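Written below as structure tokens is the structure these notes are about.
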Amino acid sequence: MLGDSLKIVNNILNIKDIAAFTPQFQLLIWGIAILFLSVFVKEKAKRMNISFYLAIIGILFSGWSYLKLVEVKSIYSNGGMVFFNGLFKLDGITIFFYGIFLITGLLTIFLSKRFLDEESYFESEYYALLLLSIMAMMCMAGSNDLIGIYISLEFMAICIYVLVGYFKRQLRSTEGAIKYFILGAFSSAMLLFGMSVIYGITGTTGLSEIFKKVTTANNFSEPLLVMSMLLVLVGMGFKVAAVPFHMWCPDAYEGAPTPITAFMSVAPKAAGFAIFLRLFISLFKPITFDYVSVLALLSIVTMTVGNIIAVKQTNIKRLLAYSSISHAGFVLMGLLARNEFAVKSIGMYLLCYLFMNIGAFSIVIVMRRKNIVGEELDDYKGLIHTHPVIASFMTVFLLSLAGIPPTAGFVAKYFVFSSVIKEFLRTNDRLLLYVAIIGAINAVIALYYYFRIVKRMFMGEPTEVSKEKVAVNIFSGASLGITFFFTIFIGIYAEPFIRFANLMGKSLKAFF
Amino acid sequence: MEILGVPILNAVTYFPLIGFLIILLIPKKKETLIKIVANVTAFIGFLISLPLIINWYKPEVIKGMKDGMRYVIDVPWIRTIGARYQFGIDGISLLLVLLTTLLGFIAILSSWSAIKTRVKEYYIYMLLLQTGMLGVFMATDLFLFYVFWEVMLVPMYFLIGVWGGPRKLYAAIKFFLYTLAGSVLMLLAILALYFKYISIFGWDHRTFSLFKFLHAGLDPQFQFWAFLAFFVGFAIKVPMFPFHTWLPDAHVEAPTAGSVILAGVLLKMGTYGFVRFSLPLFPDAMIKFTPLLMTLCVIGIIYGALVAMMQTDMKKLVAYSSVSHLGMTMLGVFALTQIGLQGGVVQMINHGISTGALFLIVGIVYERRHTRLIKEYGGLSHSMPVYATIFLIMTLSSIGLPGLNGFIGEFMILQGTFARTDLRVYAILAASGVILGAAYMLWLYQRVMFGKLDKEENKKMKDLNLREVFTFVPLIIMAVWIGIYPSFWLKYLKNPVKRITDIYQKKLAENKINVGHKYKVDYKGMKKIINNKMSEE
Amino acid sequence: MSLYNFLYLSSIIFTLGVIGVLIRRNILIVLMSLELMLNAVNLNLIVFSRLWGNVVGQVFTIFVVTVAAAEAAVGLAIVVAIYRHKDTVNIDEVNILKW
Amino acid sequence: MAEYLWLIPTLPFIGFLINGLGGLIYKKVSKKTLNRYFVSIVACGLVFISLLLSTVAFVQLANMPNEHKYIEQKCFNWVTAGDVTTTGYYDKVPSKTTQFKIEWNYFFDPLSAVMALVVCGVGFLIHVFAIGYMWDDTGFYRFFSYLNLFMFAMLTLVLGNNFIMMFLGWEGVGFCSYALIGYYFHKKSASDAGKKAFIVNRVGDYGFSVGVFLLFMTFGTFNFKELGEIIGKLPAETHFGILSAVGLLLFIGATGKSAQIPLYVWLPDAMEGPTPVSALIHAATMVTAGVYMITRASFLYTRSYLSLEIVGFFGVMTALYAAIMGFFQRDIKKVLAYSTISQLGYMFTALGVAAFSAGIMHLMTHAFFKALLFLGAGSIIVAMHHEQDMQNMGNLRKYMPITFWTMMAAYLAICGIPPFSGFFSKDEILWQAFARGHKLFYVIGLIAAIFTAFYMTRLMILTFFGKERIDPHKKEHLKESPAVMTIPLIILGILATIGGFLGLPAWLGENRFEKWLEPVFEHNYNNPVFKMGHYTHSFEMMMAGVSVLAALLGFFVAYYLYGKKGIVPDDEKNWGRLWKVIYNKFYMDELYDALFVNRAKDLGNAFSAFDQAVIDGGVNGTAATTRGTAKVSSWFDKYVVDGLVNLQAWIVQTSSGILRKIQTGVIHNYALAVLLGIVILSCLYIFR
């Protein structure tokens, strides 16, 4: 009796599935632990402190088990391995994005401490939600089934809705939350509709099966499939904030607590792009209608509009929001090639983007001081005189964002451009060339508005705000250090990271 | 060839960084100390670049040659994409490297008293800039080249933007964006080249090395586009005629030392880029474009000269004169003949020397009077004879008086262009730039140095002090040396230039542009005269 | 009655939901319209699962419903927060974040 | 064989270094100027040594057999560069590939011997004279350093064995004259004149250099000897070929340097310089460089009749034109300047009729008497305390006899009265012109001779005869110049008197001068241009008589107009419009300004405006279009906000302003945007 039930359980989820899921489980456990903390520790500030450390431990543990996972090359190298009866797939892409999410999470948590103290918000759920959202993203990156994708996506989204609105006593925060929420729900409904249609056409939700069906059987109606694909595109485009689905982005970014903004600007985008890889590089390939040109258009519009609007911004968070939109455009550019190289280039871009963008945001966070918001560009005037180190760090991050060597940003740009050019040379498709050239022009525009900040820092006269002392505590200092180091290091010696990115190349082999 | 175990090229390139680090550690307040460190660094930097030329013909150095490059450093850098850390210099780079180290030292020396604010940062940027520029002239791996090419933009931006004149912010960002726009296109072209090579030789032979690309055998169509992209990148830097408008602004606003480096070295990066990359890589496209390029050069020469003539601001005048001079340089380069090319390279050096010196000269009076308007001056020869003499020498060298460096360059360029019978008309047009050159320079000299010494503040202007004189001495020596005995420098150029022109020998023959073509104008009226003469006798 | 009628129906519902989101001022109604959209999808799924004769669609539906519930909870919470600030549930009035 | 040859030009250069650099440093260190005695000894001494050396070389040359009278000294390879492929000369000379090489070599042949001696000799005398003339000047050392530098350049010009060395000297003397004309640089007129001289010369050099390019690209060498050997074998061109082109281009250079039509305009202004400078550079030596150059390139010219014709034509025209301009000048130096131009015209006429040796002969004699005239004028000017207007002179012979008598000799020489030197040389030219069938040249030359006599007589009368018109203050200390100035005058006077006997015309025994120069023209004699009509000596003598009569005619007219009444007639009244036109030099300068200078400036203005408006405008963009025709410059400064860098930037700026407004902050619009996105995407699919 008991044995039978055990057997059944065993069939449903056997031990190796659990093993594959340990990183997620770690996060889950520690997150829940933090939630339960409120039962034991009544005093808010104290609880906040403890949960902060718990969160760090959680990330570290998960990271540790993640590294253990990495050691077992046989699992994820070539093609990868499916778990939970094909619901979840552990391949190069998954592994790579795990890394991105974990690093982002760690840095975000580092940054949160001081910031929340300054703002004096002490709801410890903050960290729990952070961990859980990270976990959700990890599932998302690995999910091999429409259902999995949808659920993990929603899981992540819900956590982040809450986090955006975390400063519930500030209208900005709440407004950001409501906007993000409504639009998010709206777009995910679209996504869902698309998925349902796909299911309707193919009768299955597993990506591999769908792919098989789409390639072999030709008795399904292509228009429906295309429409559903477009709907999915909308949903994912919303997540990565591609124009014209980007509207939520600046508001949510500006409203949200800055660490969360930093987090959102990297992790959910990355997750979104993971799905992009899974769907648009592989799944929809058989479609005869070349949606590449659609993507190309999307990327052009995205990077251009993002850049152009950024030029006139005066609030640095908003500026970075728009810049992140344009970066999304660049990543989409990398997507166009639809081959191993594209996967690689996107991976590299996101990795570099992680460090430089979070670096920039950590400067913004550090600039947040008691009773000084420090989010206006003019608050950075003459920073070089008052805080030379911070100013030079910021300069490096901005240079990197603009893609000037020798910084990570250049490597990133290098990869997306090269993927496009490569594809252009292969298929003499002029559109790709135009995309590349427009990308080049955009790089110039981007430099212009990044240097509006640099200009203020180096050539402006110090103001009261910039004179105010900046207290960098150990954690924010650490995150600054890490991001700075990697921004430079990747720029100078990208070798190991590229190898790491190469993992992903094989993982979609089945689809090429 | 090593210095203290460091390969010499690395030593030369990165030595400024040592000074940079030291200065980083010195507190802001200790300005004199910072200045001393910077000057010493720059000077030693110059000294350790001398072994390059001293050991040039040493057997072990010659043995170490690879693809005509000496002191080669070649280690894998980013294996996965095939980028290598590949340094090496031939005669062309040698001269430019020496020029860079020399001018760098002079520029730093010249700014001893000129720079009063934010001294620490200033020298930091100067030294960074130095490293960046040297790297550009040594890199033979396009990826590496591109990295250095962009790196040196940033310090220059700050030099102009922080220590510049009234409209410095505008000039600085304009400079940066202009150059970046060009170089990003160049990046695309580099990538195209890279993948083209891969598509021919396979992924395992992926590389950015110039010398590999040389054997790729690119099809004309591809060359056409790639050349255009490179052209934009380099032409903006040179700057050639339609792309030159950033130059006057940058020059006028930049601090003196900045202008010196800008004119002396940065512009050379463009011309050098053409010589090192565009010419060998895209011969077919080059030949196709020659008439257009020549036209641009000629326009640049005459146009620049005429605009210079009308300037009221000394620095702007000199800036436009560089537009003219660089037009001349590029004329020689695009002539694709040995002499033209050699002349072009020599003219790069000359321009670095004489224009650099002219900017220093302008800087000196600016430092004393804080104005650059020509009409503010006049009759300075009375109050500052030494200054007058140096100014005169440099003016003459810039208008190409025989016996000084300018003449050698211009003469060889024109002769070299003239050697291409299909390009003679350009040579003839370009030669008229020499007249205009004399016109605007002498006019400038007259307006500044001659005439009555009427203005009070000019009367009590101090003549050059010893430091300032020393900044000029090496330049004058070089000017005379190149003027009297250029063979010494030309011999370093012979082989590299030959390597480039040999590519074109064949191509030109193929394209029916034969150099030995004969023409014969039959002149009706003449016949009559002759006949009369004959009948008389 | 054929499969298509269901599909028509669901798409109509979906459209209604979309319109609702677009034109209604009251957040609560907007939330309801969102629910409407989701339910349209559910209908779809059910129909398809019937069509293919496998349960995947129904399972999906269950999940969707659950998620919808969670979303609604969070949404309402945020609405409450908004209401605390502005004493209104009219979303056109929450627009301090712009440009 | 003659290792000292390089010293001839180099010694003056050393003098330049000592005086110039030394003087500068000395002044900088101890606030005093260099000691005058030291300076003058260094300057003159070194020049004198080079004079001796050239004499030595001359002797050595004289003792050589006629066929190879040629001394060469290799110094070093100036420029050695890559290979060139020459075009070759039609089918006569094959195309070849040679190394581009420029040697720094000196050589000494009969021609350069003459030139060297003249330059060194006259130069030395003028140096000595200048000591007296410049004694009170503060920039004494500066002046002499420049003078020495000039000697260096001039000697390099005449001794350099290839075109580029010549060009070195060519430009060098140009620069020195620039520096020396503008010596009183506090005077705007002076520095202007200097600039003008240099730039006009540059125009000439432009032609010269292009000619040299063409020559090199055809024959593959710059070396005179080699060129002579190659071209010497070629027949004369019967069509407008390469040689003619080269000839004309080189002639442009010559017109610049030797102040021929149309590039003579700089010489009269050049009189702003100190008088010794005018004597040395603008009379005796530099201005004759063109003559020397064409003679040196005779092998080329004799193979291109067209260029010969043109040279002769311009020459004789200049001779006439300049003589006319000399008529009514008030400034004594101006008169001499125009007479110089006119005499140079004679020389070019000689070259034009391929009477090269006659041309050189006249060059030499002219160097003597014109230098003398200038120095005489100089000594007058010093005595008159820098009064140059002849209206305020008169009857000076009473006060300064030596100057008077020496100048008298020069005067007779230039008018061509036998047996003074000028007679032989000038008459030779006219005769050759006649004998070689250029009747027209002959006639014009004769008329010019009349005019010459006229204006020279006028000059002499106005200065030395008639009533005194000197203002009293100057009169007090009006006296003969010191020995240091008069001695050179006397020596030159002697030379001007007897110099002609070096080359007696054929009817007085054989012409030694021509004989001496023969080796230089060895390549030319197989050439129809040298055909002479057959005339008897008596006829030739008669022609000489005619030219003397011409001179006398000019003299009498002048005497009638100016001498008889003993008062200065008001030229302006007597001659009316003619005077006006001539006095204003036929408005040539105005014409040139109108044609070239101002046009160039306008162009420059236009371009710099263009540069700011259009190019930068196009870049700085649409600002131009939006602002329409706003004033360019002000627009450039004010309108251009920092960072508004280029078209992109402008569009970006504005569109940014517009686009960000889309972000209304109202959720509905956001959702609408999403919906629109879907619609657009589906349209892309449906209407693909």
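Chains here go by letter, A, B, C and D, matching the order in which they are written, and residues are numbered from 1 within each.
Just so it is clear, a residue touches a chain if its C-beta (ideal position, glycine included) is under 8 Å from a C-beta of that chain, and two chains touch if they have at least 3 such contacts.
These numbers were taken from a predicted model, which means no experiment stands behind them.
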| item | value |
| --- | --- |
| Chain with minimal offset from the mean of all protein Cα atoms | B |
| Inter-chain centre distance, subunit A versus subunit B - centres from mean C-alpha coordinates, in Å | 45 |
| Intercentroid distance (Cα basis), subunit D paired with subunit A, Å | 78 |
| Subunit B and subunit D: spacing of chain centres that average the CA atoms, whole Å | 34 |
| Rounded Å distance between subunit A and subunit C, as computed from the means of their C-alpha atoms | 26 |
| Of all residues in subunit B, the ones touching two or more other chains | 169, 173, 177, 181 |
| Subunit C residues counted as touching two or more neighbouring chains | 18, 21, 30, 91, 94-98 |
| Junction residues of subunit D, two or more chains touched | 643, 645, 649, 660, 663, 665, 667, 671 |
| Chain-to-chain touches, reported pairwise for every pair that qualifies | A-B, A-C, A-D, B-D, C-D |
| Contact footprint of subunit D on subunit A as seen in their complex | 178-179, 182-183, 186-187, 190, 223, 226-227, 230-231, 233-234, 237-238, 244-245, 247-248, 250-251, 289, 293-294, 297, 305, 307-313, 441, 444-445, 448, 452, 455 |
| In the complex with subunit B, residue positions of subunit D that touch it | 24, 27-28, 76-88, 90, 95, 100, 164, 167-168, 170-172, 175, 178, 182, 185-186, 188, 191-192, 194-195, 198-199, 202-203, 205-206, 209-210, 213-214, 216-217, 238-241, 244, 305-306, 309, 437, 528, 531, 600-601, 603-605, 607-608, 611, 615-616, 619-620, 637, 640-646, 649 |
| Interface residues, subunit B side, partner subunit A - complex | 77-81, 121, 146-147, 150-151, 153-154, 157-158, 161-162, 168-169, 173, 176-177, 180-181, 184-185, 187-188, 191-192, 194-196, 199 |
| For the subunit D and subunit C complex, residues of the former touching the latter | 660-661, 663-668, 671-672, 675 |
| Contact footprint of subunit A on subunit D as seen in their complex | 643, 645, 648-649, 652-653, 655-657, 659-660, 663, 665, 667, 669-671, 673-674, 676-678, 680-682, 684-685, 688 |
